[in-house]
Amino acid sequence: MNTFGRNFRCTTFGESHGTALGVVVDGCPPGIELEETDIQAYLDRRRPGKSPLESPRNEADRVEILSGVFLGKTTGAPIALLVCNRDVRSADYDALQDVFRPGHADYTYLAKYGVRDHRGGGRSSGRETLSRVAAGAVAMLCLRRFGIGIRGRILEIHGRSAPEEMEREIRAAQKAGDSVGGIVEVVAEGCPPGLGDPVFGKLDAAIAAAMMGIGAVKGVEIGEGFRAARLFGSENNDAISREGFASNHAGGILGGISTGAEIVVRIAVKPTPSIGKPQRTVDTAGREQEIVIQGRHDPCIAPRIVPVAECMLALVILDSLLEQEKYRSFVR
Amino acid sequence: MNTFGRNFRCTTFGESHGTALGVVVDGCPPGIELEETDIQAYLDRRRPGKSPLESPRNEADRVEILSGVFLGKTTGAPIALLVCNRDVRSADYDALQDVFRPGHADYTYLAKYGVRDHRGGGRSSGRETLSRVAAGAVAMLCLRRFGIGIRGRILEIHGRSAPEEMEREIRAAQKAGDSVGGIVEVVAEGCPPGLGDPVFGKLDAAIAAAMMGIGAVKGVEIGEGFRAARLFGSENNDAISREGFASNHAGGILGGISTGAEIVVRIAVKPTPSIGKPQRTVDTAGREQEIVIQGRHDPCIAPRIVPVAECMLALVILDSLLEQEKYRSFVR
Amino acid sequence: MNTFGRNFRCTTFGESHGTALGVVVDGCPPGIELEETDIQAYLDRRRPGKSPLESPRNEADRVEILSGVFLGKTTGAPIALLVCNRDVRSADYDALQDVFRPGHADYTYLAKYGVRDHRGGGRSSGRETLSRVAAGAVAMLCLRRFGIGIRGRILEIHGRSAPEEMEREIRAAQKAGDSVGGIVEVVAEGCPPGLGDPVFGKLDAAIAAAMMGIGAVKGVEIGEGFRAARLFGSENNDAISREGFASNHAGGILGGISTGAEIVVRIAVKPTPSIGKPQRTVDTAGREQEIVIQGRHDPCIAPRIVPVAECMLALVILDSLLEQEKYRSFVR
Amino acid sequence: MNTFGRNFRCTTFGESHGTALGVVVDGCPPGIELEETDIQAYLDRRRPGKSPLESPRNEADRVEILSGVFLGKTTGAPIALLVCNRDVRSADYDALQDVFRPGHADYTYLAKYGVRDHRGGGRSSGRETLSRVAAGAVAMLCLRRFGIGIRGRILEIHGRSAPEEMEREIRAAQKAGDSVGGIVEVVAEGCPPGLGDPVFGKLDAAIAAAMMGIGAVKGVEIGEGFRAARLFGSENNDAISREGFASNHAGGILGGISTGAEIVVRIAVKPTPSIGKPQRTVDTAGREQEIVIQGRHDPCIAPRIVPVAECMLALVILDSLLEQEKYRSFVR
């Protein structure tokens, strides 16, 4: 299932070491001004190789609009976006052809499909998020029309929240041939109340799926999240005054529907599974092996997940917004 | 959107204080033995009034099978399940007709629909989960054919994990006219590897949506979850031996696909928003009010969420299983 | 797959000789005035036993609204509609338990599901259309808000188009223990231009599926339909003047999108397969049999299909209308 | 809505005079041998310019596989297929920029989207079917595994059914600056019984939608189709013997489910709306105009629709087959 969304539908394709990756965006409203540079700006944020703390894979990640835009504006037709792979070093993965990397999808893909594209993880690679970011960039432009903005940031790396400490943790892990996880927060401002659809189309449920569907994410919470489990009702409820909600423990969603307050989401990112330290595993013949992963990997993937999480939140919110608009002429 | 699932599709209906609640299960495989007592057993677990710590609403919650079963077996036709409401005291809610209860969906429903069924929360009531449990009971019977079992339990109430302490916290909150939250864990045993569909049909994403879509749930995590954000890769990766995974930090899912290990999910349940303590709010005319909620409420909803969470996990896993079966004759 | 529609979603359930039939309508806009009598009026039109030319099965077909309506108006919550079966004479079908009736779904259901509800065709019975008509009645009320009206009529019975000849054909068939087919036309007036979604959500494609999905329908055409295959382009094209289209060969749809002209649909209804004349068939053990079908059957089903076809067209058009509304705030 | 299918999902993109057209096929089973030449063979059949009776647009229509295939076999990942446009003469359409061509989607697209890509019809062009044929070619390869084959042919052109008469009709229309319609038949052999899903996923309903969704198609019939409306039940019912159905008036489908007999479909193709003869129309400012369409057009589109209809039937049948496989391990 490579399509995301009900109204603003994004279908992604492409493997880490294949010919190209891309996305077809179906359901984009007509009349939105869209140029390749708008999308490129987002792709550049998630691109590898921007700092010594990131994978040094050298990809320009140039996006091309193949369809759906005429005279600088969207037409309502599907928008196909394409990014060709350049710096493909599949040979790096030849040694891994028959062995299951711990923490990766190698074993599960083979169990599911009977075949596996071992080159850089194929479809399960983090590189696939490129397609999501390209689509998310288009969604961001649509949301702007409604005054909705989205911003993400890193809250923690390996349990530390001060910037210099976070960087230190990453460097230390990199040096040790290891990796670390972190926590990312994404916030949407300007959402109108009423987004989300009871009881199986709730906004928080859609956000949870979108976030948990990002590789390496193992937890999602909204508003107080897991902390709410330790509060009294009298502490966790948000009082309402004439000016609106007096607090935002709910994280902008009640009963699965947006309240108009900021939507606040936090996700737990696991440490990158590709590490230099030796690990115990088996090969496809069932023989036990020790594996040492070479190649170009991020010692902490959380920073590069920030734009991905922003884009996924944009996709969810735009999708809900379009769903909500359906009933306007009836309700008003 | 009141339908859950792609292959085993459950469409729920009914309000807390309406005529009846129910569910139509579409896509149930034929040939499954199914009687009303099978479903009743699950409904009895979530029924209110079983202990002094629960809402005393007195409902027998008798389920009736209206269709889809012939000579004691499912036929492949949609299974309609109906539960009539009996102990409806809508008058309890008359005082709340024009006022927004903090922490509830009152405001968001009115913002969305322009109208609101104020009697017991209408569709946003926890009573709606009755329909999910009825459908989940059918799913459990189907899963049993594949040797898959699901069990849930409470891990924490208001930060305490010892049973007598948990009960004490609930009693104390009840006495104070307040409420408390908790953490619930659900585990699925016996799942084959290969369930879940990259990249937008991942099993963990589907579980996250299913869990976050339960009212009062504000966080979801799989395996190590938020703890993974504080681990090294070398700690979090599960080594693989000839006997299978040596540990299960991943919680049974890698790359969005089941590994064959236990699937381990934890959810954060917020304290029940209905509390006796006075709260500040506004009415539909925008006037500020103090509200004291009368009526029959659970001081902690976490225990009654356990069967609901089990059932939602059953629905997700069965749905993935049916999806997976599609390709069997090609792959094998 | 017992759900119809993307935005106005109708999930039907129930067998011909089971406890009850019904439908859950999900996605109905809030604020629509709805009473049981509104729906009853449509059900009465398709009810059997209204004339000597129809099946004498004696069903009051009383509909009950179980949910989704509060204070006389829809709330946006799912609307469950229930009709209990009364005049069930399953014993009529005992002789048919092990034999495949020609022209019926007996063989295909058994081939598909391995089991079969032989009582009156179970789910494949024409009685299932009762659920569609109940849902369609709700759709008609919604369409009225937009000034859209739908009307159907019989064009032909057994090749004759004069009313008295049509009746004569039916009587003659009935007397001979045989049955006849016919052609039904359905027209929608007042549809705005712009309904329908290229390239796989075309309005004519959706209409074709809706119509062909009615039991006994074997052909569908829009506008000139099959006659267009025998015309020149210069004859079939509709010239456009300042007042709109000068003709309507297209039947109100161009490129899969409504033009604003009347939408004109014709369907071919096959002769009722249940006939009194002896027929050759086999039983479930593969033995050849001669079958003579007793019971209560319509010698021509076309007249009772008229309200069903109207309702299906209403469902398609409302669904497209809601889809279209999504983009209004962008386009305008 | 540019996605077709539930299990074998094809998302198409691209405009007639844009950069490229293509399709993403999601849900293709893994392990199918697939090369570009397999797809090219089908594209070559629908390519323009093969005879003097077709549009002389000179396109090589070279397809490139961008993803989803590894070592010559499908992997289960989405298969992106791309065809770049070469022979684009958009200037041909400049004169048509502000005028609505009768019989085309010009008016309806503008009414829907507020903008319109006037170059060659943009997305509503017959050239869009290229994407469907590319996807259909993949489906054909999958169907072959099950022994299912599909073949189409022209039955009639402008009311004539002898080959030399059909050709004469086309030549005469071409010479007169006019166009003619026709009837195409498509047949699927080797389908197992049991395909199709009651009551809204019927195989005949899916076929009807697929066929009516092809541009220029105005009617669809299965088996006897419209002729069934003129038959007695005793003539139209297919008797069943130990060897199977004695006749196939039903066209291989009963109750929406395949019987195992040949599936027989006929479609009515309207005359190409682009004609050289002067026509009355209006421009976007509402002024009446006479229009004479220049450019490269087929005087009869029916022959080029044959491979498209075959491919759409392949897509529907494969989709149903995958749906059916879901329940195998339960039913058997």
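For clarity, chains are labelled A, B, C and D in written order, and residue numbers in each chain start from 1.
Going forward, a contact is a pair of C-beta atoms (placed from the backbone, for glycine too) under 8 Å apart; a residue touches a chain by one contact, two chains touch by 3 or more.
No experiment lies behind these values; they were computed from the predicted model shown.
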{"item": "Most widely separated chain from chain D, with each centre as the mean of CA atoms", "value": "B"}
{"item": "More contacts between chains, A-C or A-B", "value": "A-B"}
{"item": "Averaged-CA centre spacing for the pair chain C and chain B, given as whole angstrom", "value": "37"}
{"item": "Chain A and chain C, separation of their C-alpha mean positions in angstrom", "value": "44"}
{"item": "Chain centre separation (chain A, chain B; CA means) in Å", "value": "26"}
{"item": "Sites on chain B at which at least two other chains make contact", "value": "1-3, 12, 30-31, 76-77, 112-114, 123, 198, 331"}
{"item": "Residues on chain D engaged by chain A in the complex (per definition of touch)", "value": "1-3, 9, 11-15, 18-22, 24, 26-27, 30-31, 64-68, 70, 73, 75-80, 82, 112-117, 119, 122-123"}
{"item": "Interface residues, chain B side, partner chain D - complex", "value": "7, 29-32, 76-77, 142, 145, 198, 322-323, 325-331"}
{"item": "Touching residues on chain D, where the partner in the complex is chain C", "value": "1-4, 12, 100, 102-105, 107-109, 111-114, 123-124, 128, 156, 158-159, 173, 178-183, 193-194, 196-202, 204-213, 215, 218-242, 246, 250-251, 253-260, 268-275, 277, 279-282, 286-288, 302, 324, 331"}
